[in-house]
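Each structure below is given as structure tokens.
Look at the two complexes coming up: subunit A is in both, with subunit B in one and subunit C in the other.
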Partner chain A sequence: MNIILTVLLVWLGVCIGTYCIAVIQQLVLLGPRRVGAAFVLPISFALMLLQQENLVPRKADYFLFRSAPFIALVVVAMIALVVPLAPNLIGFNPSIGLFYFIVLLSPFVVALMNAGWSQNSKEGVFSTLRAAAHLISYEVPIGFAAIGPVMAAQSLSTQQIVQSQAGLWYVVWQPLGLVIYLVSSLFVTFRHPFDSPMGGSELEGGVFAEYSGTRLLLFKIVLDAMFLLLMSMGVLLFFGGWQGPILPPTLWFILKTLALAAIVLWIGRFLPRLRSDQMLTLCWKILLPASLLNITLVGILTLILPGGS
Partner chain B sequence: MTGKSNVTTQTRSSISARRRHSLRQYFAIDGGSGAHLLAALGGYSPYLRPVASPRHADLLIIVAPISQKLVPAIVEIAQALPQPAHVLLIHEPTGELAGSSEVTIVDSKTLFRDVRSITTSLAEEVFQAISDTAPWAELALKDSTVQDTETIQLPSKQEQEMATELVVLSLGPIQPFTAGPLRIFLICDGEQVLSAQVESGYAQRGISRAMMQTGWQQSLNLARSLDPLAPIAGQLAYVRAIEQIQNWQPSPPMVVLREAALALERARNQLWWLVRFMRLLADVQLGDRAYQLATSFETSLTQLWHLQPATWILPQWQGKIECNEPAIVQLKQLADAVEAFNTAIKRNRWFALRTRGIGVLPTLLLKDSDISDAVLQENELGKGDVLSRLVNCTLRAVTDLRNTANMLSNNVSPVAHTENWTLPGGEAQVTVAGLRGQIGLHLNSDGGEKPAHVEWQSLSASLLSLLPEILAGQKLADAEIILASLNLAMAEADG
Partner chain C sequence: MNGLIEWVIFIALSAVVLIMAASMILTMSMYRAGLALMASFVALAGLFILLDADLIAAIQIMMNVGGMLVMVLFMVMMMMDPGGEMMWSMKRDMHIPGPGAFSMHMPRGEPPEDEPTTKKTAQPTDWTCPMHAEVNSPDPGTCPTCGMTLIPCAKTDNGQDDRDSTAQASIYTCPMHPEVREHAPGTCPKCGMTLLPVNDTAQYDAANEQQGMEMEAVHADAMAIPHEMKQMDGDSDHTMAMEMHDDGMGTMDMSEHDMSNMDTNMSGLAMSTSSSDLDMSSGDMNMSGMTPRQNYHMMVDMAMSTAQLPWAIALGIASALLLIVLILQTPWPLAAGGPTQDATTAVGELLLSRYMIGFEGAAFLILAGIAGAVLFARRERSTTVQQCEQKDRQNTVETNASEKTEAEQ
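Then we have the complex of A and B:
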């Protein structure tokens, strides 16, 4: 019973956090003068889509088209379970929590690929293939970036990783890992400026081009939730999770997560949308070698620094 | 009774407030005259948002004129909108073609059962019309139209290391990259564009033919409509041609005033084009700055003239034209702001990453196509790619704004004279410096009440013919940026 309540509490936290991400996104887009609109718009958007018809294109793959948003939702709900909001507030605490988190990122992108492929349109196929190329490319650096904290904490458990940062946050001596992790996170959630499978005008909305109504709403919520979870995992890996003075641990965790999300989204404001091949170049030629360098440096520092094994 | 009325008023105002705070996502169809209006609307209110796919929209905004060729595309888009959805028709913001029976355009009301329609060129009025609490019928087409079933023959593919299939992607006819509708078939090998086929004529209204069927004075409105985004250029070309046939020379101050009005129109077009281009690249920061510049310019422009140029650019017309001094100062300040924006573009390395080295216009190709004015000069100044086009265009806006401010500061009002629409027989060939280059007009008069022959020449049409060569070999994601960087006005190209 206690576990069920915790799981429900975590999911409720994710729902509220997702709304906060949507608000932050609006604030970044509209600027500080439209704070009221930033709070109203996500609700307004949801209400608009709830009233809208759910269209299925002609000759679409009916099962894949309808199931894709639900697959994405299930994946996000499962990922949320391993994110600890406080020392004892975690839905599911396996010893390989971080591994579980990274592995489940793949089915999420598969859900998006299903959405694009099932539309029976050329634009859908193009955006699906772009999404697939991104998936293959960015799973590698995001995994390597997360290995740094794992090496330092000597554990794949998210709880353990946070506790091992009691003295010093990993961001202090693994800044490169953080940068790689954040860039890869933007990629995984198809955020600007890496949103060409979603937002390219030549593909008329990309993977979601044919979605409308509640299914589109579900996808938008899932994307925001996934971004929130990736940012919260970033806080766990590099910013000491819930640790902090005076305030309750959960509040620290929420504040850190939302602050990190706001910074990342704000930086995106200054960049134009990158082309697909430029993104892949960034991954294979810059981020991948950088992540290998990061692992090497972390390995050396773990041996040198006091407390390292 | 009074109390009830008050309650009703309060209820209406609360509904109106609620409507203003309920999100509307719109898909816009620009028949050729709505590029500036739609660019302004895109940043007017956070509660009104443009979307790339009609499936995500609950509102269809159509800016007239609508040609017969564009009707199937409009019908297809209207059918793609999920219900409940509404449609708003915006007729000729400049009002030039309204009621003109000679021009071949479709009455947009014949396409839909019940529509809300307005005539405006202001984003504020469009937003008010959308927020209006009056009953609004849902989008419903009157009858289905035959779908476009044209197919493109794929070229045979040469043997390569990896066997892939070629695919034809249709860009348009409703697309945000040009001002007005244009269809481009991109034959792609994955993300690579192998070749392109251009299909224009979606904004065709038969302006030249219509001018030959109407009187000299009425043709002025049609000349203004050639490019609804640059009415002064069309009007001035027509007036100059008439004055040439009448063998009459305007006074130097009048020439200066006309040039100033034309330069301001060019600057206006350039600034709104910048807004559209930055949005296309999804650069929020530069997009916001460009939007602020364009809206500031609009404010200065509305305060500048006591008498609008449309009312005084007439054959042999001369009179006292007064300019608002503070507005002239604002123009100078705006020129500085645009220059700062230009510097920001040049220094932005991320921006260069997306725009440098693509869509190069070879000088030889331009010369072969008889393009020998501003485009060629700008091309020779830079590397001829998208970035250099953007930088040069912004610089041209700075020059236009500064020159205009100086011209208007030193100008002396000319002596009074009235317009003269009587024409002897004769012929005139004139050019006017438009946004992209020279707009040419060949006008013949046989001494009658109508023009005997009218022929327009525009640079947009010449650039259209170069598109297949420019787009071939580019990346798919670059094709849209290259197309947008040319700033083609389809109404001008199709005529």
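Then we have the complex of A and C:
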């Protein structure tokens, strides 16, 4: 009973957070003058999708096409369990929380690949190749960027990592890691500069080309929730998690997460959209060596700084 | 109660592992096989979690699911038939019984001699109508009933010559590009398919000229086949024909017990093969228009299993039995009490103390590999860029020159 209650509560939190992300996205799109519209539009989109017919292409893979959104949903729900809102306010606290988080990114890729493949269309297969190639590539820098805080905190537990930042946030001496992490997380969720696998006019919506109605809504929710979780993990790794003066820890955590998400989405709007090969180049030739450099620097700093280890 | 739940979870996860492993072998779709393998590994990770080995479970998921993902990605990009549609449509259209991929098994015994061994079935005439099988004509022409161009159905007598020509087949052509004629076996310069011998070039040419509408004839053949061939749409018909030609034309082998119910289909397929004019003139007509040796090799190509499969199965069962015996013989538990230390901490400490040199060496090698890959990629790109620049320069020079000449004129 207790487990089910925890999962439901975590899901409620994820849903509210996802709505906040959608609102922030609309705010970034519409500008500060139309705040009301930004709050209403996500709901109206959701209602529109709920009214749509649930189309299934004629020769689609019956099982994979239907199950793909749910696989993605389950993966996101499992990831959400290890994000702590406050000390001891966590769904599930394994000693390897961060590793668990990074590991579960690959089943998320499986869900997206299934979605693209099962449509039995050219656009679907092409976007499958793109999305999967990019997601697999970008898991590497995300993992390496997250190793920096792990080395400093000497633990994989999310709680431990936050507690070790009591004196100094890791963003102060690992800015490179933060940048790599944020760029990769923009990528993993197909946010603006990196959204060509979902290419609007080019591939007819990418891996979601044939999805409509509630299944499309599920996918949209999952992508937003994934972004929220990546941002909250960024706050945990680099911005000291729930730590802060006066306000209660949970509120601090939520505020930091939403602020980080808003800043990242806003900066993303200023960057030009990248081509597929440029994205892979950015990953393998720039971010990967940079993340290795970051690990080396962090290792040296951990040894030098008195409070580092 | 708790123990009971653990048992139920254990049995459920083990069942998932086994079922997914079996379905990986049985499915014809490479994509699904990859997914099944992933599911099997994930269920195995679940078993690790049940044993309180979280770290190993996470590593299991990361390494295997990530690795399988890359594999599936490459399959979808590189392979001809990652979804298994060709294999599946063959199985369906030829009524091959048996579960999934196992129905296409290896032929038994040694490969037959190169010489045709069976007597050819002498048929009274050469040419027939794709729609009216009763029409027989000694010469090419049109069908008296419907006016369609006649197709050659089987080679008749003057047998000795033909048999010789089979042995001496010296001209090879591509099933898809009949204009390609080579004097040695190999692959088609246009599409890379394996070239097939043309036994009687004269007849080949004649037939080629006579049949202006070759593709239609093939389609009509498919229509004439009594069973589900009729229901095939254009797509699967095409893929089917492709597959046939790719693998050396003709039809699937069948084990003896399948023979009877496939007879009708086989003759139909033989016709459809012969209508593409490739080997209908081979001396031996064992229903599919192939010599037994060709048939044998095609089956080896087509089979989803390998000759070593029975041995592999026996070996697998033997090792499983050995493991079970080992587990039953071991006095459990091996060590008193559970692990006293956090596993990740222990692994980290060992890596940074006892296995330091190996760890650093591996890290250095990986780093060197990545740096080298980046360097190589850079160099390659720079040369292509240089080439492009050179081309651009040449183009501009040419355009300048042409502009100059125009101006002079």
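Rule of thumb we're sticking to: the second predicted complex is superposed on the first by the 299 of 309 C-alpha atoms of A that agree within 3 Å, B and C clash if a C-alpha of one lies under 4 Å from a C-alpha of the other, contacts with A are read in each partner's own complex, and residues count from 1 in each chain.
Definition applied: a residue touches a chain if its C-beta (ideal position, glycine included) is under 8 Å from a C-beta of that chain, and two chains touch if they have at least 3 such contacts.
Model, not experiment: these values are computed from the prediction.
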Output check: A:F270 vs subunit B and subunit C. Expected answer is one of first, second, both, neither. What do you get?
first
Across subunit A, the partner (subunit B or subunit C) reaching more residues is B
For A:F99 in the superposed arrangement: first (subunit B), second (subunit C), both or neither?
second
After lining up the shared chain so the two structures overlap, which partner does A:L156 touch, if you call subunit B first and subunit C second: first, second, both or neither?
second
Considering only the touch criterion stated at the top, classify A:T18 as touching first (subunit B), second (subunit C), both, or neither.
neither
Considering only touches as defined above, state whether A:E123 meets subunit B (first), subunit C (second), both or neither.
first
So, A:A37: does it touch subunit B (first), subunit C (second), both, or neither?
first
If we overlay the two complexes on their shared chain A, which of subunit B and subunit C does A:S184 touch? Say first, second, both or neither.
neither
Enumerate the residues of subunit A that count as touching subunit B in its complex and touching subunit C in the other.
125, 129
Seen from subunit A, its contact residues with subunit C in the complex are 64, 94-96, 99-100, 102-104, 106-107, 109-110, 113-114, 117, 125, 128-129, 132-133, 136, 139, 154-156, 284-285, 288-289, 292
Where on subunit B does subunit A make contact in their complex?
21-25, 46-47, 51-53, 55-56, 58, 80, 82-84, 167-169, 171, 175-177, 190-191, 280-286, 288, 350-351, 353-354, 475-480
Contacting residues of subunit C [partner subunit A, same complex]:
31, 35, 38, 42, 54-55, 58-59, 61-62, 65-66, 69-70, 72-73, 76-77, 342-344, 348, 367, 370-371, 373-374, 377-378
Along subunit A, where are the residues that touch subunit B in the complex?
26, 28-31, 34, 37-38, 40-41, 44-45, 47-48, 51-55, 122-123, 125-126, 129, 192-193, 195-196, 199-202, 204-205, 208-213, 216, 268-278
